[in-house]
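Have a look at the structure below, then the notes.
As written, the chain order gives the labels A, B and C, with residue 1 at the start of each chain.
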Amino acid sequence: MTEATPIVLPNMAARRVAGIARAIVRTALFALIIVWSAFPILYIVVSSFKQQKEIFKYPPDIIFTPTFEHYAALATKWTGFFPTMGNSLIVAVGATILACVASILSGFVYSRYANRFLAGSVLYLIAIRLLPPIVVTLPLFPVVDALKLSDTHLVLIILYATFWVSLCTMIMKTFIDKIPRTLDEAAVVDGATTMQTLVRVIMPLALQGIAACAIFVFVFAWNEYLFALIFTTQHAKTAPLIISEVMDAVSGTNWGVLFAGVTVQLLPVTLLVMLAQRFLIAGLTAGSVKG
Amino acid sequence: MVAINIDRFVKRYGSVEVVHDISFDIKEGEFLVLVGPSGCGKSTILRMVAGLEEISGGELRMQGTRVNELSPKERQVAMVFQDYALYPHMSVEQNIGFSLELARVPRTERQEQVKRVADILQIGHLLHRRPRELSGGQRQRVAIGRAMVRKPHLFLFDEPLSNLDAKLRAEMRGQIKRLHQSLKTTSMYVTHDQLEAMTLADRIICLLDGHIAQMGTPHDLFDRPANVFVAEFIGSPTMNIVPVTAGAAGGRPVLTLAGGGQVGLPAGMVLPALTNGGNVLAGIRPEHLSDTPTPGTTAHIEGVIEMLEPLGSDILVTMQAGGATLTARCTDKGQFQPGQPLTLHFDPARLHLFDSKTQMRLT
Amino acid sequence: MRRLNPAAILMLAPTHLLLFLVIALPSIYVFWLSLNESTYGSDLTFVGFNNYVTVLTSPYFWRAALNTLIVVNAVVYIELLIAIGMAALFLGGVRYPKIMFAIVLMPYAISEVVGVLVWKIMLNTGSGVLARTIEALGFGMFNWSVSPPLALSVVTLISIWHHLPFTFLLIYAGMLAIPKSLYEASRIDGASRWQEFWRITLPLTVPAILISLIFRFVFAFRLFSEVWLLTAGGPARLTEVLAVYLYQSGFKYGEFGTASATGWLMVLGSLGVASVYLWAMHRRMVSGND
């Protein structure tokens, strides 16, 4: 083998300059990402603390004296708001519980049992997600009407849960797959029934997956618009729907109060997503690996 | 001629220092092995030399030039990784030729070089396969081929055999040894396996907790371990280390075991300067204890056989002797029974004495 | 692996009942609906393929289909490029990763309604903070409400804003799964950062890219809220997308037959797109190229 070429010292000054330039560009890009992601949300939140006449001032004031008048006015001037928030909460919690319970049960079966029907129905679980939700609103509309389920919490709970139960099943399967089968067997040897094995052994170890599913469903149900638009009119109307109605009102929109309401609607779930990022990322990878 | 200077290396992760002020040189064409238990800092040192870890303190010189700030490419090192790190989306040919491609070596020359290396390693028929279609041993060869195809100043091996089974490991060890004998490229090899270190190295550096425990030829480390750690780490089965009190009785040196048993040494033997009131650690390798006396074995120790571990032609005999447990490697002729008394003979020159507090060799 | 027993079947029941009753059965019934004329899905009269003829000869349908095609492709590919760039940026090291991820995830938590509201207000011609900034920079009046291409651009923007976190995370997770030692090997082999990205990172992220493409095409095809809330399809139905066209014919004009026909065409379109990428993925798996 021939001799290696001698070591050549590079231009260290040029390298340092390039390194600094790179760091500057990277920092600028990160700053851009922050602005892109956070600015629209902060804009609404900050505006909700401004006086009505300051909201559309241009250029906007960065520093101002915050006012809570719009929040105080929420209950009096926008009487529809808090009841719809209540509806949103009922529907989101209901859908989350329904979807989680169903997908824990089915995810366990998909992980632990083998059978030709199961293998085939995995494809079905994936394929059914390809269907645009708006398509099923058409046949469901007359049925929901006939069953007197229109404008109830239940119809939204069922719809929201159904549209997530297939993905959640795959997520749960992926997480349960990671739990060694010997633990099930140990539980059986210890005298546990299948249900006890699931509740006492599997579920505590698959908490991350359950959390991921719960967050996905909750965020979706809390924010959903299309189904709420079609299937609710009054009693079960959710917060996104009433926000859309107010923003589209031809005249007399009280922007300050609207922004205050929007802030109340978005803040809890935004904080939830920000704090639970670990579960979201884990769930997303688990769900996507399986298609 | 010195090829590489490692001068007062320090590695810190935050406030935790994992490599403490380590210095050594590698001579041109030398095969240097860093050996030690996991967490001793051996891989970190290798990766600092490679340019994959920042050097927190100290200096790395190649051909006398400081290269701390240079990239691996500029340092012209080649490396074989523990998990091989073959590119899964490239064929064997592309894997081996990648560095040449990046160096803009023309296509035909590249193919020639790859072919030449592949033939040496006997993987010429695999060039169009993907890594995942290869067996462990074949992947290992590709990883070595990738390092060989270049003309590096330094070969780096990061536990390259640890993912192979015992048989393949012995085979690849031989292959690496042959390659080094023909290529003579300066090499630095990291392993936790003392047998690999002994068989491959021109020189071994034994590391413990980010310090050099001992540096020397395989013979140095085996015959004159500098401390209890090296004594126990090098050699298999492990050296017997027994706390004893050294003294004199009847005009000759005597070692007294914790349980009161005594081992008389030859009258002419001079013990090293003793510390701690003669409380020392005595060490002897199992292969230096024998159940049959020979001309050199002028000392002996008596006890009772506790356990037998047949190895085929040899047998490991564990014996209780006055409160100490000793293992001897003997020829198995079916002569041993647990519970039987046994006398083990040894050459006092094979005895190692260590300070019981500092654990260092007494000379 | 255990054989299926009655207990297991009972455990599968909730999931499969929901899916069957709410999605599978209705989507078959949609096909029947599409062969009938009806008012809001009742009083069916069989008309054969008349509804399909109506839909396929409607200029509004073709306009909506074209808009969908343009917006979906714009959304998916622009979003993918941004996501790849962002993921590569994050892969190079992030300071305060938890905070950065939390910020990046924020739009995911926002309702489409609120997203549209925010962007609509910020881009409101003459008063929105962004619209006025655009004007102040000398680009002229930003009057998207009278310009269908601009309006659809705003729709694209909002849709990307909402879904970028999702695509970014998928791509980033794909990149993160590449063993660190491959990068180290490529550095030893002499690859520059740029070469490392093109020769190692990108080829090994292809599976994740394909998955996110399938996801995003399927989801983008459903695009409804952004358009409905921003323009309601106007002006003059020029910004309608397929889902809006379907909603208009079904719930505004009560023609469930043509709406169902549109629905089936949407399913076929979305299956067609997905199958292209599923096929690509399948081929990669077969050739062992993952």
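Criterion: contacts are C-beta pairs under 8 Å (C-beta built on N, C-alpha and C of every residue); 3 or more make two chains touch, one makes a residue touch a chain.
Computed from a predicted structure; not experimentally measured.
Because contacts link each chain to all the remaining chains, their graph is best described as complete.
Distance between Cα centroids is largest for the pairing of chain A with B.
The most central chain, judged by C-alpha centres against the centre of all protein C-alpha atoms, is A.
Top-ranked chain pair, ordered by C-beta pairs in contact, is A-C. Between the CA-based centres of chain A and chain B the separation comes to 54 Å, rounded to the whole angstrom. Remark: chain A and chain C have CA centroids separated by 15 Å (rounded to whole angstrom). Chain C has no residue in contact with two or more other chains.
Considering their complex, residues 179, 181-182, 184-191, 195, 199-200, 203-204, 288-290 of chain C touch chain B. For chain A in complex with chain B, the touching residues are 1-10, 12, 15.
Taken together, the chain A residues at the contact with chain C in this complex read 26, 29-30, 33-34, 36-38, 40-41, 43-44, 56, 58-60, 98, 101-103, 105-106, 108-109, 112-115, 117-118, 121, 124-125, 128-143, 145, 158-159, 161-163, 165-166, 169, 194-195, 219, 222-226, 230, 239-241, 243-244, 247-248, 255, 258, 262, 265-266, 269-270, 272-275, 277, 280-281, 284-285, 288, 291.
Only residues 62-63, 65, 67, 69-70, 74-76, 151-153, 183, 185 of chain B touch chain A when the two sit together in their complex.
Within the complex, the chain B residues that touch chain C are 50-52, 71-73, 77-79, 81-83, 85-89, 98-99, 102-103, 130, 132-133, 146.
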